[in-house]
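Heads up, there are several structures right after this.
Presented sequentially are two complexes of chain A, the first with chain B as partner and the second with chain C.
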Partner chain A sequence: MGARLVTATTPKTDYVHRNPRWARLRRFLRSDRGATWSAAVLFIAAWQLLTLIAPRVPSPIDVIQIMFIEMTGGDYGSIRRGEFWGHYGATLQRYGIGLAIGFVAGILVGALIGTSSLARALINDTVLVLLALPAFVWAFLTTMWFGIGWQAPVLTVAFAAFPFVAVNVAQGVRSIAPDLRHMSTAFGVTGWKRFRSLTLGGVMGYVFAGLRFAMIVSWNGVLLSEWFNGQNGVGFRTRFWFDANRYPGFLGWVISFIVFIVALDRLVLTRLQDRAFRWRAPVVETQRTPSQRTPSETR
Partner chain B sequence: MAQVKVAELVKMFPPSSKSGEYVKAITNIDFEVDGNVFVSIVGPSGCGKSTLLNILSGVETATSGSVTVTEDGMPAKLGYVFQDARLLPWRTVLDNMLYVRDDEDAGGREEALKYLEMVGLLHTVDMFPGQLSGGMQQRVGIARAFSVEPDLLLMDEPFSHLDAITARSLRDHLQELWTRTRKTVLFVTHDVIEAVQLSDRIIVLAPGGYIYDDIAIDLPHPRRASDPKVATLQAEVLGRFEDMQAKVGGGDDEVG
Partner chain C sequence: MRGTAAGLRRRRYLALVVGWAGFVAIWWLLALWIGSDARLPSPVRVLREVGYIFGGNPNIATDEGGVFWPNFSSSVLRVILGFATGVLFGTPLGFLMGRRRYWRSFLRSPVLIAGSIPGLTYAVMVLVVFGISNIGPILAIGLISMPYIAINVAEGVMGVDKGLVDMSTAFGRSENQIFRSVLVPSVLPFIFAGIRLSFSLAWKVGQLTEVFGSSRGIGFQIRRNFQLFNMPGVIAWVGLFIAFMLLLERFVLVRLERRLFRWRQWERDS
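Presenting the complex of A and B:
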């Protein structure tokens, strides 16, 4: 290679790859996505190394193997397998019902606190106390009240979710500009339509923020509740492996519910939030002919 | 064709601090408007213009006196254009138009689209307000107010937040819409020149909230800002306005 003329506009490259595949790999490794994948690979390698010095830590292979059996069924000693989906189904049912109760109650109470100062003076402190109560307290209390059964995990989820939704909705309602309220009053928009378009529309972002926290906190709640009162469910199964002193099973279930909540957040909640905030999307230049433009358009 | 009766209207605002006194926004206002006329209420800042409109629209209540807005004896339907567009940012342009309507069916949509077309914004129906310029947003606000087919249209300095070129173009839009629909309009402004171009009658308020002058403008609509007759009348009315300021003072930097 001869001398190259370098000007201010020439991109600086200090290596040249003959093979485009290597160039692509190198680009990938230098990208943010590459860093994320590298971190994951390094983590699993470190985990595997740890099992060499600490024999009570199950190896990644052990965990994957036992979870595979849990999911697909199969024979593994004297214990019946293939119960993964049944346990998840039971837990998700409790989680879903509890969340629905907490969510609806949170929206109603939050809207009340946000709109009426009297309601705020009455209820706000109570909601803050509920917010400060950890989910495991609800898991204990509901078991004390209702004993073993479906009520304890469902209500644990509802109680844990409710204050997060209520506090956020109240904040959202209070944040709606008084100008928009005046506009609605001047045009005589009242009742359900006003609530739906003005209040709900304005608090949607806050609702999703609240729902996200609520879902994470109450997920812990339902697992804990099942841990000491369930006959089935994710929490119950996790405890089963703990009591059986089988760490690969225990760790596998722990990983499964972490994966579940992360996937839920990434795949569902983030998308819902993006959809609710479509109106905040950057300005889209519309295709128009100059004749459609009027002098009043300053943009 | 609405009838507006404002009788012995007084509005006091409570003091902002404990030791402060009640603030008199409107001392005593008496006037009547009847028929399809364009009436401007002009005055320097602090003369109670916006307060008067807020009382008329029901956003605020009067301290004493009475305000009635009727349509053949029945309560009149109101339309409102504000200083800023006041659109729901999380609703599309079309949904904003439908928000103030009683009917959201196909007929209501058609009506809403008709008025959007009149202000030249048919192509924005599915866009969100944040994707429009300030002038376009205000045009949606104007279309919205006209589309409810109000008996009385209240406008509160609708062009004061826009640049001069945009404001001029919107005034033309407004005149065109008004000559087509002939609503009863109460238009609040601090801009005398604008008031002369748009209105049949100008009510001049003085600082402290009372009527200083009531001027009839007898020129055919629509009026071009470049028309010499309009310009002459603008100069004359501006002269009377300056006289008032010399006598009672207040808010001179706001008058144009």
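Presenting the complex of A and C:
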């Protein structure tokens, strides 16, 4: 907890300045990285403190212990693996197949809406309605349609992902400047070359942006679907511990699926998106206005 | 073909009507083909269900009739209170992030992480902590909207016209007066933008919380009809859910924002 005391508000005492080790620690704590680390440490400290006040809240150690057993099989570790990998494998398989369906459908419909104004007038509203549907509705509907099985989670993911990809791709296609198109025609750049350097270059960033939101939203979708009708999978296992009133296991699984999507988003998706948008001029920060973000970013 | 503005608008309306008519027609044909209300009820069947929701089902003796308003009003009240919670806690965080570099990097990761946490987490955690209650959905909506509001407020605070603050200081205005007459009006549109950006997500997670732990609300009704295997009921409630969300987003929020902040030049420019 000393982290906070040494920051901005403490008066500069001579003691702090005279001892170089303290000075270095102080400099680190006040730096950007130090701030990030203090936030993480403070969070865990607050969690630990909470377990002292509310005994029903499992402590970090409990959660780590049970997740270790879930991963390795605990005492039976040498004989069999834990539950963790099987459930994650099942969920990731559904997630991947569903995403592939939603992604392909979204790109096709998005390209259609983006290129043809007739198609846009006809189906844009339908896509917006799909965008407004929460994932749990798809989880319920697909369960009622197909019963318990692989179809419900896969289709929940596909339905949840589809409108996000479609909206973003349509926006990307429409964002390609007509000037550039005219110029490429005038200079005789057509066909595959034009598609590769103009269309693909312009749309790629939007495709990745759409993929990113679609992946975040449909991760929630697959978990919900498994929660309500799964026989296995991450959502099912989370519910298993929840129904058993065993909160360390429950919290451990919740943390595991949060860590999964946050890591995927931060380490892969955001980077892909930034890379694909690299050609854009950096935003000049003259005057900040709200709603700079594209409407599709509001999940 | 002359591309007059009125002609263009007429064509666009026509296409919209055709689009919606096509949507309903395809739905209807599919429903006729499948031929089972439990799989895909026809639009007429769903409309009748909407009638039951508003006026009660005469075929069921115990149906008290008109379940729409109690559920609807409790959902709306939770959304309003949830956003109030989000603004209450998000605004100070945003001010901190906007004014101090240290707090900006301190709160950056938590805020970014909060943006990609699955909604299921909020719904279930809130159920564990509060049980079936009113506080759950309100807190979930507050937690969802808070990072968006904080980020926007931080942007707003960083964008406050320094010249205005310097001038006010030069003319001997007190800190308090500067805060009230310069900072707050400059930041208000950003709070609003945060609400608008997070509205659809917060509304969805609010309903999800009602699915898990509530005895009232639109989300609760969707789940009840799911458990009764009443497909027309599920679709009717989902339709009402979407209609309300789009109406509120398009007409109330956007218009209110435009009206409240008419004095801001950039609103008209963009």
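Quick note on the criterion: the second predicted complex is superposed on the first by the 232 of 299 C-alpha atoms of A that agree within 3 Å, B and C clash if a C-alpha of one lies under 4 Å from a C-alpha of the other, contacts with A are read in each partner's own complex, and residues count from 1 in each chain.
To be clear about the criterion, a contact is a pair of C-beta atoms (placed from the backbone, for glycine too) under 8 Å apart; a residue touches a chain by one contact, two chains touch by 3 or more.
Please read these numbers as outputs of a predicted model, since none were measured by experiment.
S.K.: With the two structures laid over each other on chain A, which partner does A:197 touch: chain B (first), chain C (second), both, or neither?
M.R.: first
S.K.: Figure out whether A:43 sits in contact with chain B (first) or chain C (second), or with both, or with neither.
M.R.: So A:43 only meets chain C here.
S.K.: If we overlay the two complexes on their shared chain A, which of chain B and chain C does A:278 touch? Say first, second, both or neither.
M.R.: First partner only, chain B.
S.K.: Check the residue A:179 against both partner chains and state whether it touches chain B (first), chain C (second), both, or neither.
M.R.: first
S.K.: May I ask you to decide whether A:188 touches chain B, chain C, both, or neither, giving the answer as first, second, both or neither?
M.R.: After superposition on chain A, A:188 lies in contact with chain B alone.
S.K.: Give the label of whichever partner, chain B or chain C, reaches more residues of chain A.
M.R.: Looking at chain A, the partner in contact with more of its residues is C.
S.K.: Going by the contact rule set out at the top, does A:137 touch chain B (first), chain C (second), both, or neither?
M.R.: After superposing on A, A:137 lies in contact with chain C but is clear of chain B.
S.K.: Could you look at A:242 and tell me whether it touches chain B, chain C, both or neither (first, second, both, neither)?
M.R.: In the superposed model, A:242 contacts chain C only, not chain B.
S.K.: If we overlay the two complexes on their shared chain A, which of chain B and chain C does A:258 touch? Say first, second, both or neither.
M.R.: A:258 contacts chain C only, not chain B.
S.K.: Using the superposition on chain A described above, determine whether A:19 touches chain B (first), chain C (second), both, or neither.
M.R.: A:19 sits against neither chain B nor chain C.
S.K.: Chain A residues touched by both chain B and chain C?
M.R.: 288, 297-299
S.K.: Which residues of chain A touch chain B once you look at their complex with the stated criterion?
M.R.: Residues in contact with chain B: 179-180, 182-189, 193, 197-198, 201-202, 204, 278-281, 283-284, 286, 288, 292, 294-299.
S.K.: For the complex, which residues does chain C have touching chain A?
M.R.: Against chain A, the touching part of chain C is residues 12, 15-16, 18-20, 22-23, 38-39, 100-103, 105-110, 112-113, 116-121, 124-125, 128, 152, 155-156, 158-159, 189-190, 192-194, 196-201, 204, 207-208, 211, 219, 222-223, 226, 229, 231, 234, 238, 241-242, 245-246, 266, 270.
S.K.: Touching chain A in the complex: which residues of chain B?
M.R.: Per the touch definition, chain B meets chain A at residues 54, 57-59, 77-80, 82, 84, 86, 88-91, 95, 99-100, 120, 123-124, 127-136, 139, 148, 154, 163, 165-166, 169-170, 173.
S.K.: For chain A, which residues count as touching chain C in their complex?
M.R.: Contact set of chain A toward chain C: 7-8, 30, 32-33, 35-36, 38-40, 43, 118, 121-126, 128-129, 131-137, 140-141, 143-145, 216, 219-220, 223-224, 227, 235, 238, 242, 247, 250, 254, 257-258, 261-262, 265-266, 287-291, 293, 297-299.
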